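Some structures are shown below for you to check.
Next come two complexes, and both contain subunit A; in the first it sits with subunit B, in the second with subunit C.
Moving on, here comes the complex of A and B:
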């Protein structure tokens, strides 16, 4: 009986909610006017047109919907949309030309300390920051297209910037031309799923101090420096594609000071370095594909207790390199296309252990210029003799059970 | 001159050694593409062939051929033909046959299995290397009348460029590691045709790794159109200069 009363009360509330339509041919001409008229629970429906109203502040729990992508223009001066209410829905807008300023970071859409905000199906073009979630919980950012035309790192903000938040869902967005495609700082318990973050100036995805997150099935291609995950623990990285991140300090995936994470079934293709690890510990790298990279993995000597198992290394210039002689990680049961051993008992596991670290990888690490001599006969000769009798390369850098056939991944 | 080229070309094509060379090249190239599971590894085998076998065969065969045809050259000299024409005719005939052998032996499998920039680059570079080492053979055979000595010089030349030069570069790299020598090293590669050829192919084959820090310096030079043109010009110079020196010597030589 009590429940029924609640339901009735709720239905009354809904029926009370009204829809305010904004547009040239409607009584309400401007968005700001509609926002003053609206109450919590109302819907503001904006029809097609270009709205140049400076900064639009939403401070009521409303659904803010666009019909046929009305354009909100910040005229290169203002933050376009500011959200200062819980449970706001922003859907179907084209948001362009936010201001550019280094001090107060104007955004396409910014959420200030609010929860359950939903930002969906918007097009953001030429904004300083795209979508900024500041201290917000349970937010959803879904299917937005975010584009900017940054030339220099200092002169452009991030595509989706999340700071000190919790329980976010970043799903299906397309981001390009920003400084970092997606930026996470102090964000926990969140998921990044099915985004495409390409051709950003710095990182496709940038993680700092963000524990217990996962990112799944994203594509990061042609970003200035790839993807960085730093000072974090318990991150899950599944099914992502890291491609064509080229340059000296560009990495498919940069891991710095990470612990207890799991890297599973990702594809690293045509990067200068597939994965670069520094000060990472207890990470499991399993069933990934490293293909046609300059360096498949660079594991610095500061890494420990990492486990690299069941990966495919195909057509990399160097499969693995390191900067010291200390090896505290294990590399077992991987497929290495450079493996030249045999398998007499036909169990699919090579009978001769494989040393994935080539002499020349060590040489180039200490003297990068020697790259000039790569593939010369002299170097090939040195490499072969080193493989037979390791003297410079650490002899415990070894895969004891190399696979004969590549894994189907 | 055309008739001299024709005579020499026909003579060489009848030669069983060149036929064997073509067949061996073909066997190596085809097997490396068919046996390896990805074409990148096949390309590597052919790269080694280009950097190792092609120079050796070109320089040795050309030197020996020149010594063996001393009598034929003397016979030609007794005719009213200019010395320049005879020597150039010999050079063109020999180069053409080596290029032909390389083109049929390695070029066709490359075109079929790797018809991209790497494949084309390898064919062009392989042909150039053939011509360069024929030119070096002309130089080494004109330096001495003694056949054994001449062949010795040819082998030493090959050994120097294929092995010793890289050893010297490696040594210098590590001795001078504290200095900014990257640009000097780029200049140094101009001193060896095999290195020039290798780096050109590398720029296409290992593009991901070459984009690293020093790679970027090399990429800035070798990867650009200007660098490409310069290194091809340098390769052409490597063919032209030794030949012209030998031509000058041949013109003045008392036979």
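Moving on, here comes the complex of A and C:
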């Protein structure tokens, strides 16, 4: 009985809500006018057309919907859409030309300190920052297409920028041409799922001081410097693709000062370095594919207690490289295509331990220009003798149970 | 006359080798020598030159100071910092005026900005409610 009363109460609430339609052939011509007329719980439906109304501020709990992608133009002067109310839904707009490079970071859509805001199915084109969530909780950013035309030597904002937020869901967005595709700073308990972040100026995804997050099944391709996860702990990275990140300071995945994380089932293909690790500890790298990279993994001496197990290393110039002689990490049960041992008892595990660190990887680390001599006869000879009798490379840098067959990943 | 010109050119070239001029930072190409991030913002970059003439580039003033503090072996010659109001222009730290505020979002949370005149420093300190600093104060912010 009590429930029924509640249900009736909600039905009354719903029936009270009205829809205000905006458009040339409707009584309400401008969005700003509709926003003044609207109350909490109403819907503002915008029909096709180009709206140049400067900065549009939503300060009521409304659904703000576009029909056939009406264009909101910031004329390169304004922040286009500002949200200062909880539970706002923004759906189906084309948002273009926000202001550029001003000190207050103008955005396509910016949420100020609000919760339960939903930004879905929008097209953002040529904005300084795309979507900016500041101090907001339980937000959803889903299926947006965000594009900018940033060039090198030019200041440009991030595609999806999240700052001091919690419980966010970033799902199914396509981002390109921004500084960082997705940027997290002080963001916790959030998930990044099924996004495509390609050809951004700096990083496809960038984590700073953001604990307890996960990113799953994303594609990061051809970004200026790959993906960076820094000064963070407890991050889960599953099933992502890191591809085509070429350059002197470009890495498929850059890990710096991170701890207690799990890297599982990712693909690192055609990068200068697949993973670069510095100051990382207690990370498990499991069931990943490292294929056709310059360096599969670069592990700096400042890393400890990391576990690298059950990965495939295929066709990399160097599988692993390091800059020190101290080994505090374990590398077991991986498949290395450069392994030349045998398996007499046919248990699928090589009978001879494998040393993944080649002599030449150590030499190039301390003297990059020695790369010129790579594949020369003498180097091959030295490499072979080093494999048998390690002298320069640390002898405990070893996989004791190398796999004979490639893992199916 | 020709020998003179030639020797002059050689001399000039040699002098320019040991110069005390900062090398411009290439945005989105150069990476920070302390935090490894690619330098993308020309308002917060910094650069130092060692006495041996080696250049190190940073994306944040905080990175430069921490780098300088962590490495006491090589003596430093000079420090430079980006002018907050000019795009990617390096000025010497001795002639710069600093402010620090949580409203300034620098890449590595140093949250400091540098200006070339005291008037600009005052103006922005007022606008952002920031604290004003001298170079030695900035240098001693980090242990």
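Quick notes on this one:
Basically, the second predicted complex is superposed on the first by the 406 of 409 C-alpha atoms of A that agree within 3 Å, B and C clash if a C-alpha of one lies under 4 Å from a C-alpha of the other, contacts with A are read in each partner's own complex, and residues count from 1 in each chain.
We adopt the following convention: a residue touches a chain if its C-beta (ideal position, glycine included) is under 8 Å from a C-beta of that chain, and two chains touch if they have at least 3 such contacts.
Not measured: the values here are computed from a predicted model.
After overlaying the two complexes on the shared chain, residue contacts for A:380 are found with subunit B alone; subunit C is out of touch. Of the two partner chains, subunit B is the only one that A:372 touches; subunit C does not reach it.
Which of subunit B and subunit C touches more residues of subunit A: that partner is B.
By the touch criterion defined above, A:25 reaches neither subunit B nor subunit C. Look at A:36: by the touch rule set out above, it reaches neither subunit B nor subunit C.
Contact with subunit B, but none with subunit C, is seen for A:295 once the two complexes are overlaid on the shared chain.
When the two structures are aligned on the shared chain, A:345 is found in touch with neither subunit B nor subunit C.
Comparing which residues of subunit A touch subunit B with which touch subunit C, the overlap comprises 247-248.
Subunit A meets subunit C in the complex at residues 105, 152-155, 179, 201-203, 208-209, 224-225, 228, 230, 247-249, 254, 256, 276, 278. The part of subunit C that touches subunit A in the complex is made up of residues 26-31, 35-38, 40-43, 87-88, 105, 109.
Remark: subunit A residues 246-248, 250, 270-272, 292-295, 314-318, 337, 366-380 touch subunit B in the complex. The touching residues of subunit B, when paired with subunit A in their complex, are 37-38, 40-41, 44, 47-48, 51-52, 162-163, 166-167, 169-170, 173-174, 177, 181-182, 185-186, 189, 194-195, 198-199, 202, 205-216, 218.
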